[in-house]
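For reference, the structure I am asking about is given below.
A, B, C, D, E and F label the chains in the order they appear, each numbered from 1.
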């Protein structure tokens, strides 16, 4: 099996974290292709940054999906996920979606622990977009500047564990998601210290992508996830243009 | 990996169908233990039958879970699922839940196709229990007596395909679940004829059970899915009693 | 009028409390039959215990409903209520449902006060099952071990009154339910000290059961509360088997 | 027990229908006081007419509640119900609310059958106001002019039964409410022909009013159903002014 | 353009505040007609007072709407708004509705700051009536007696600013509404001190009323906002009676 | 006043339609700047096309917003709206949002009429994103190929009027939105033939943009619509980069 993993952020250090955790999670015979967004921001916290990341991600996916069995959008908040799902003939999952769906089978109410206050609104809207708001216990977030996004696990590990415990004791979380690609792997390393099951986005996404590829679903030819209707376009990369329509204007 | 699969119905013919599809879906090194409910009804369509099936299922799970990595409750509607998840130290999934969570990653609105009109209310309430009602496109059901529950796929195949198509064209389903253990395997055999991705409960449950076991989550020691508080009991099987409390009365 | 009251817990001391409060609430010409679950746990706090209690309750109801005008499932959380409503030809109510429906006519937002933290998730899911979550102000719970479930009113009376006041002042409750059969009668004895109307499950259930019996509704012969379709079964008590189907296997 | 029943419409013929059905439903020792709105319209179908009916009803209630144990607002749609509940020291119920709460204990999804298409929006908003929209199967309505509101049962009986059957077969109703004071008593007379339990507003309201009076709840002294804070007023009837404030402006 | 503004309260001092802020907001060529309720209370905080205010408002609107292009119901909570919208051939807006719809275009989650604890339930239900509860961050309220409703801005200005800040910092409000006609103009004068956009009901209502008048919509002749069906009435003012029906009784 | 209007589609013919209707709607002293997306597709029907259009729109807005008082994203579905609202110091509205908020003040349930079946899912999700799903009566759509998007009003006018009538008669719409920039102006020209108020996106957006500019709200400096936190970026246009962060990577 071959998985394409796109980091919608421009941070190579975060891509490296994702790659390491993804490799640890993948089946023995799974090969991973990692891509980092060609443009955008260091890490996505807002709707504006997510809109930029979505477009960068669609470009990477269009260019590189061929030959893969499934694809992963590797930023919590899943920028461009539904758009990619429409266009690509292979399954695509996001970190938030796959963590939510996995967590939902491990408990009732789901808590999310994240890296910044500002990121909360975007995450909250992402959960709502999947219709899972009634399952959400809370989103608890660090509230300090992050000097180095690549070392946030080391720098803020204790605070993150404390947020996990508060989500269980005060918010009624039955299961936790440690959110955000920069925290990839943390769930595994702190699991012993948390009184409920805890998952992370990267490992859930790799497992769910493999699962969906094994289910071998047909690409929709009807409904709202069929390929967008053919139409004229301009100014897109050839790969993206070919997916979105077939009739280029001049 | 070892999976325990409990059929909450008393029908051995349905257990055989489940076993065949589960074997086809399971990883090469996965071993399956199949159990059929010791008491109850031929197939569960109603809340009353589900309440009976839940208790029969808890008894089977309590008796046989030891030595397994995860368990599956193999009737659509998932009788006893949350109860089992509280008691057992291993992950437990149901057909409905795992099909819903898998389907949610393949499209937007989910259609369910099922074997009887009467079963609709129970299925609808099951979807609602997981907070997924906003994702539901429709539940479409056969509307004829089923003389032989074990051969419903052969007897009613064309009608079921027609229901699938109606769910897409009229109800806006982006992805379909063919529901109910008696239909295990049908999704695979008719997929070519359906214009959207189509999944079935048994294969999703086997895949998701393996996935959760690989995530290796800790059993909750806090929150509402921790083991029920110790208390006195009477009249339970020793295995069930040991899970539910430790202080037997007389 | 004759009412059948089943305590889904095995605690005779709680059955006695229920009987006393029910007798106080019932009309002069109403006769009560009290039954205690033949198997299960001392008091139900969790989904697992509720699944067991549901089956024990269905057995009691099947065995004893004949000759009664209505039945009451006398544990907050209403284990087996919808199942019983499908099977029985007489009205059946639960403590939670009848307290919620009564309280809804006395105010806007409803607060629930209960005996343990662990019980909160089950109660919350019960309220949601009736579609009443938008009416719920909060569920406030005692947070201490209960050495003796039969004397919790005496032991924890002041704490329970304090929870009531907090539900009004901090959570916006317009009306309160003191939940759980072990608290039967407390609403009456503390009403003077609570600044909003306060009801309890047992008295509401007795009154609502009488009310429904007087409305004299026909048993549904269509829809999802008609008697379950006839089908083969095994391993059930004769009384339960007769309600659930008519064709016993061997 | 003494009940005050106010018809928010000006139709004496409808008041007579209400009185007859209420008398049939009331306990042997219950005395009824019937009042008809002093101003307003023949029957309320719209939000505008309901606003007028609410004020007329509050005036009747203020003038006549003294000496009664509970009050009933006897138009489906319950004009002024929450307002009355704030002001009066006795329980107040409406036809819609008491029918919904009673029906909710007899089945899952509730169908409403009503006398005009125009009335649907107001009824739908009334159900929503009580948080019961998720329980609503459908509102089905006559679609013809009603020459005589007092004889609608005789004139349109067959059409109303057909609407009931459609609500069960096509909309999934498990229980039905025949709505509107002009249909008082119809539920009783057609019950044999309807395959699910069927209730009507007047009988439910009489029973629930008696029930609430027997619960003997204290008037709220806190929360949003306490008596409105004392303040200056003008232009109200003395009775209404006394309930709403105590400081009349010249 | 001519706008009719009705204050549903009897307080001339509040009408003066409304007039001043409305004049400041209105376009240069807009003429305002101000009316104060002929009966009712000093300021509306409860459902009962709102029901009275609704009727007083309908009377003013019926009497004076002729010759105007749009009308405004100038109390937060919008008493009688939907009723007026049914009856009148011109657009009608309320303070809450127009502030909510305006605020919704300036941010995501909306906070409301108001003048008394008691008013919260009524405001909350008003937001819910418009289907906007999911957009509501919180309603924060003063918690002290208001000796003079006409000078509340001067007397409680600092406390109101503190409530605004708490709504942003603690409740996640992205935009604020300073609610209630007695606070008309405060949003403008404190805007510099609040870290998110802040609007008030009067200025939003004037702007939205002008906007709707410019859209020049046809009065509905079908649907639930068409003029109420003609029917007999009694006891209404001639102006109101003419709007509600055409066939006066005796 | 100066308004910037960006067409997220690449169709100059649609931009011309938008310009004509916007000019007709704008106040006498309002100046309009029109921009057409530099890349993307002929008209947006899908999530994928909307993701592309969002990025193209953000680029146009960043490049050209300076000197304007408000901005309009002129495609129904509002691609990039929340992102733009975060970044820009001036108010930004979309066609869907401004039409919904305007329509909400003209009736209860809102119907949307649109140009293609495929567009329904995207529109439905847009309505949901604003929390307005409970106000939605239906989305009715043309079901034929559109050979020329610029002349759809002429080619399909009668069909669109028929959809409007069906939305009122069958779906209970109290007010209608004729959706999509290619239909700009149609609402005005067919209003006489539709029995409920009907609005269109372009005129509502122009009016609401003027309204918000006149309210003169402060740009948020806190909450989730404050400017995104400063961070490093690469590969963006200088204008967009300056809005999204200040620290460009090499």
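The rule we apply is simple: a contact is a pair of C-beta atoms (placed from the backbone, for glycine too) under 8 Å apart; a residue touches a chain by one contact, two chains touch by 3 or more.
Being a predicted model, the structure only gives us computed values, none of them experimental.
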| item | value |
| --- | --- |
| Remotest chain, subunit F as reference, centres from CA atoms | C |
| Per Cα centroids, the chain farthest from subunit D | A |
| Where subunit E and subunit F are represented by their mean Cα positions, the distance between them in whole Å | 27 |
| Between subunit C and subunit A, distance of the C-alpha-averaged centres to the nearest whole Å | 44 |
| Residues of subunit E engaged with two or more neighbouring chains | 82, 85, 108-109, 120-121, 125, 172, 174, 224 |
| Interfacial residue positions of subunit B with respect to subunit C in the complex | 10, 38-43, 45-52, 54-56, 58, 80, 82-87, 116, 118, 120-122, 125, 129, 224, 228-229, 231-236, 240, 243-245, 249 |
| Residues of subunit D defined as touching subunit C within the complex | 25, 82, 85, 91, 93, 97-98, 101-102, 104-109, 130-135, 168-169, 172-175, 191-192, 194-199, 203-204, 207-208, 211-212, 214-215, 217-226 |
